[in-house]
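Shared between the two complexes below is chain A, which pairs with chain B and chain C, respectively.
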Partner chain A sequence: MKLAFYALTSCEGCLTTLITNLGPNLEGLWRMFDIDYFKLVREPVGGVRIPKADIAFVEGAVVTDRDRKTLNEIRNNSSFVVALGTCASSGNIAYTASRAVDLDAKHLRDLEISPAEPLSSVVAVDFELSGCPVSAKEFTDALLRLINSMEPIQPDYSVCYECRSKGNPCLLDAKRVCLGPLAMGGCGAACPTVGSPCYSCRGPAVEADLNAYLIVLEKKGIGKERALMMLRMFTGKKAKELLKDEQ
Partner chain B sequence: MNSSGKGDIIIDTNELRFIEGHARLQVRMAGGETVAEFQNLEGPRFLSRYLVGKPVEMAPMIASRICGLCYTAHSINAAEAIEKALGIKVSKEVRELRNVLYLANNLRSHMMHLLYLALPSIKGVISIFRLRDEDLYREGTKLLTKSTELIEIWGGRSVHVPNVVVGGFGAAMKGRQLVSSVNDLEGLMNDAMKFAGYAIDLDLPELERYRTLGSLRNPGCYPTYAENASMVLNDGSLLTSNEYFDSITEVTKYYSTSKHAYFRNSELTVGALSRVILNKRHLKPKAKELAERVEWRMNPFLIIKAQAVEVVHYMEELITAGQRLGDIIVEPSKDGVVNSANCSASQAPISDCEGTGRGFFVAEAPRGALCHACEVEGGRIKSYKVYTPTAINSKSIELDATELVKKFRPLGVEKMKLILEDMTRAYDPCLSCAVSLDIY
Partner chain C sequence: MMIRVSKQELLELPSLLSAMGYSVIAPIRTGGIVKLAPLGSDIQPELEYVRVVNSPKKFLLPDDELLFRYRSTATITSYGLKIRFPTAEGPCPVAILPEYNPVRERLALFGIHQCMVNSVRYLDTVMLRDPADPYYKNRRDGMFIAELDCDAGDEYCMCRTLGTYKVPAGYADIRMRKSGDGYLIEEATEAGKELLSKLKRQDVKGKYPISVPKMVKDFELVTRDDQEIDAKEASRSLVACTLCAACTVTCPTCYCMDIEDKFSLIDPSNVGRTRTKMSCQRRCYSTIAGGTTFLAAKEERFKWRVKHKFPFSINAFKLVGCTGCGNCIACCPAGIDFREFVGRRVA
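Showing the complex of A and B:
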């Protein structure tokens, strides 16, 4: 079976997470699969061309014309395309940030830069693994299911579920804005566990209910302005749907 | 990509392999002159622009996303710049904890570069996994895994750490685990020495070219993360960090998505080689011993050896820091909550503050001096600027490419392409970082 790993416009934090957090298991992948493209790990097979692959993992948002061209080529050459991380699945911070900049300015136009888009705006995406960065464990689980011809699954619980089961004190109780109730779990509540609020970097949870969340904020006496600002940050394109009544 | 450059392209590397981000190097002949263009192809994500208007406490978390390799440097620099702007003084304990994260991140970044990116091509293999039965791979992997684990334990996650916050450090710290994670390092010292030894003994191309080198200087110790460090140059002159910041100008390049940063309108080389050459005497004993085996010259290929020396140095620094930390760490109470009153490291987080001011911070990130500067008004960020080491080194990469083509021309284009790629890679360029300079 052939695997391929690509990065478009991103910090490459998802690919490096796989390299450093899979540890010896990455070597296992190398033995079990043909990894034909992974720029940080090997010389690509076929030079500058995009090789054929059974599963392609793609990190990053689509920003440059070059990203767009590469992504189309990846789609044409891969049976299953997985968006790796938040940039690829929602456009991440760049989605909102690039829309606040005048991209018609001469230099940017010459460089063929467009507002950031998630992969799904450009090609059909078969599965999205969210997270900024992606979790190495979720990657492994998804890969295991895929090679056994099963559809990978998304966590169907929110960050709060994991946070409370760790016994962390609730940040909302401390009158701090935390997006835990709206955010898709699976990260082990990494941020609230060290006392930093959740910014919903993994996108909305399946049952995210914005209205209910805003009522909770009101009851606790927390203003909603900060929460909405935070929600637009990582959720990128996916925030549109969630915030359609809040424009 | 617009390519309106003058002259004929004589060498085009295409997309460079084994580097962070997307870039290519083109060499042209124009009117008898050889000109090299280091072209960043990475798209901008406008992160520093995005910070404008945001509440100050969001800066470390957003700045972290600039880079997936030196994220800790970005988030710590951001926190420090904001703290300076607000006039917040963090405790000695917070500095110690941030120092550990800085060292662990530099170690991880160097190991990632040496093991996965730089060594395979020099050894003539297509991937480090082709060397997986060699000690080099085993030792290297151990160090990379260990440094990742340190960041995870200390930072709260292995990439984009949530534990760096404006005003202090995240709340919950598992004291015993923290201390033992550093104590384990003693057991890896041998692996580090052996791994660094391989790199030190490599036979690398000769490409000496005089240029200005710059590294922070921290009285009495090797520079990494420190308050009020000054910048020392190889002509012996010393600049305050503010003077250094003021000497940088941004230059737009029509062929690149990222600006270059010029120092006094010319080039400056920052990074591991500059640090080792200018601060050799402050290296820890084992690292110094290794450094003495190399004849240090201004050859970019030696950056690889300098990183290897630093790997050992960072290990030694971490061990010393661990010993100092024994006194600082406070065990969480039974319900897992650290009582801030007992622990001066976890101060109350700053939110909804109203402060106004300017702040600036510079520290030695893996690839060289990294500057963050901000203006804050009424608790919101008014302007934000980032000067990354890759933006500063870009000019040196181009000048070295020109020199390389002059020197190695008899080898022919195909061989030169490979050496050009190795030379660029030796700088450990990070294109995602470089593109984060504001693009206008």
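Showing the complex of A and C:
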């Protein structure tokens, strides 16, 4: 089975995470699969730039025209396209940031930049793996389910679910803005566990309810402005639906 | 037999328990909250507390537990790895590996309140019913419980209403309560007797006092019937529910579990069947093939939780599933109070 790992406009942190965090699994990955293209590790010299692959993992947001062309080529050459990380699945920081600057300014126009979009705005995406960076464990689970002809699963719970089961003190009780109730879980509540609020880097939870969350903030006596700013930061296009009533 | 000890002598008990071979778990104050955690040699257990944010469940039913490993007939083909699952037709291609070795660790719960002891009783009733769950039984057998009486609950407690301030016989090995500037300890089992024999003792005559904890808000139970709970209007108070599932995670008696097969890239044919925690507040709890979700609305999920605690548990186990600890209210970001659905406030 052929796998390929691409990176569009991004920090390449997701691919780096896979290399560093897969540990002994990385060896299994190279042994079991044909990997013709792995950005940062193996890129073909000359010949077909985007090889044919069964599963393509694509990191990064679509920002430049070159990204758009590459992504279309990836889609045409791959049977299954997986968006790897929050940039690819929702646009991440680039989504909001690129809409806040004037892209028509001359120095930016030379680079053929357009507002950042997640992969799903350009091509059909078969599965999205969230995370900034993506979790190596979730990647392995998704890959092993895919090759067994099972649909990979996204966590259907919020960050609070794991945070509470770790017995952490609630940051909302300490009057700090934490997006835990809105954010997609699966990270093991990494940030709240060390006392840092959740910024929802994995995008909104499957059943995120912004209205309920704002009532909670009001009950706790916390202003909503900071929460909305934090929500816009990472969730990109996915927050658009949630935030449509909020300005 | 009842003895009187000073606080200093009481705090020697955890080290005596570890000397007897127990892994001691006790309430520990950290970051403004109290939680049950393994007791290190340099940490003092917290004795003046009202609630712990977790419960004995965390140690009796772990969040993620390997049940057994099996060797599937996985083959790596040019199309990737193919694992054949056991099917109804034909011989089962799976061999269960007998490589599961339970770790025999004797747990001692030190200084837990009556509501938590009652939660162990409820979990026992569920998990040790015929056929007993071997994984749970393995941890439960030989466990030591040192119960510490709670005299006053906070605004979320409801043990007075449910009678769970009483400790059923056979569940606590020793009972402790604050009395003046010292503590009274009563031995309740042979294991408790053995522990107390190691302590410098000052015997006290009389009966171990039983007092009803003071409640900030008092309720009387009015609804136990599932149809009555269904008929109640809940949508207004649930508008702030974020479906975070903190209520079921912190509940000491929520025991719902999921079964997952875990693969690894190192040895793909060696599959670990694991039991992971589950919650009725999650969508996948009631989602079936094809995507239909039975408990789709918040209101339905909330009522399902309350119904499981009251009518379902009473019908199935003759035991109320709620121990009145109040964790689900105290830990709910929205402060949703189930007591209003089953009880009536009394002055």
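Keep in mind that, in the parts below, the second predicted complex is superposed on the first by the 242 of 247 C-alpha atoms of A that agree within 3 Å, B and C clash if a C-alpha of one lies under 4 Å from a C-alpha of the other, contacts with A are read in each partner's own complex, and residues count from 1 in each chain.
By our rule, contacts are C-beta pairs under 8 Å (C-beta built on N, C-alpha and C of every residue); 3 or more make two chains touch, one makes a residue touch a chain.
Remember, it's a predicted structure, so these values are computed and weren't measured experimentally.
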Chain A residues touched - chain C or chain B, whichever exceeds: B
Touching partner for A:Val122 - first (chain B), second (chain C), both, neither: neither
A:Pro44 touches, of chain B and chain C: first, second, both or neither? first
Chain B versus chain C as contact partner of A:Pro169, first or second or both or neither: both
Which of chain B and chain C A:Pro24 touches, first, second, both or neither: both
Contacts of A:Ile147 with chain B and chain C, given as first, second, both or neither: second
Partner chain(s) touched by A:Asp156 [first = chain B, second = chain C, both, neither]: second
Contacts on chain A seen with chain B and repeated with chain C across the two complexes: 24, 27, 167-169, 195
Footprint of chain A on chain C - complex, ascending: 31-33, 35-37, 53-54, 58, 63, 76, 78-83, 239-246, 249-250, 262-266, 268, 277, 279, 282-284, 331, 333-335
Interfacial residue positions of chain A with respect to chain C in the complex: 1, 22, 24-25, 27-29, 32-33, 54, 140-141, 143-144, 147-148, 153, 156-158, 160-161, 164-165, 167-170, 172, 174, 180-182, 195, 205-209, 211-213, 215-216, 219-220
Chain A-facing residues of chain B, complex: 1-2, 14-15, 17-18, 20-22, 41-47, 49-50, 54-55, 61-62, 65-69, 71, 108, 112, 116-117, 120, 126-129, 132, 141, 144-145, 148, 156-160, 162-163, 165, 170-172, 252, 254, 257, 335-337, 346, 349, 351, 432, 439-440
Sites on chain A touched by chain B in the complex: 7-17, 19-21, 23-24, 27, 30, 39-44, 47-48, 61, 63-64, 66-67, 92-94, 96-98, 100-101, 105, 107-108, 110-113, 116, 132-133, 167-169, 176, 190-191, 193-196, 199, 226, 229, 233
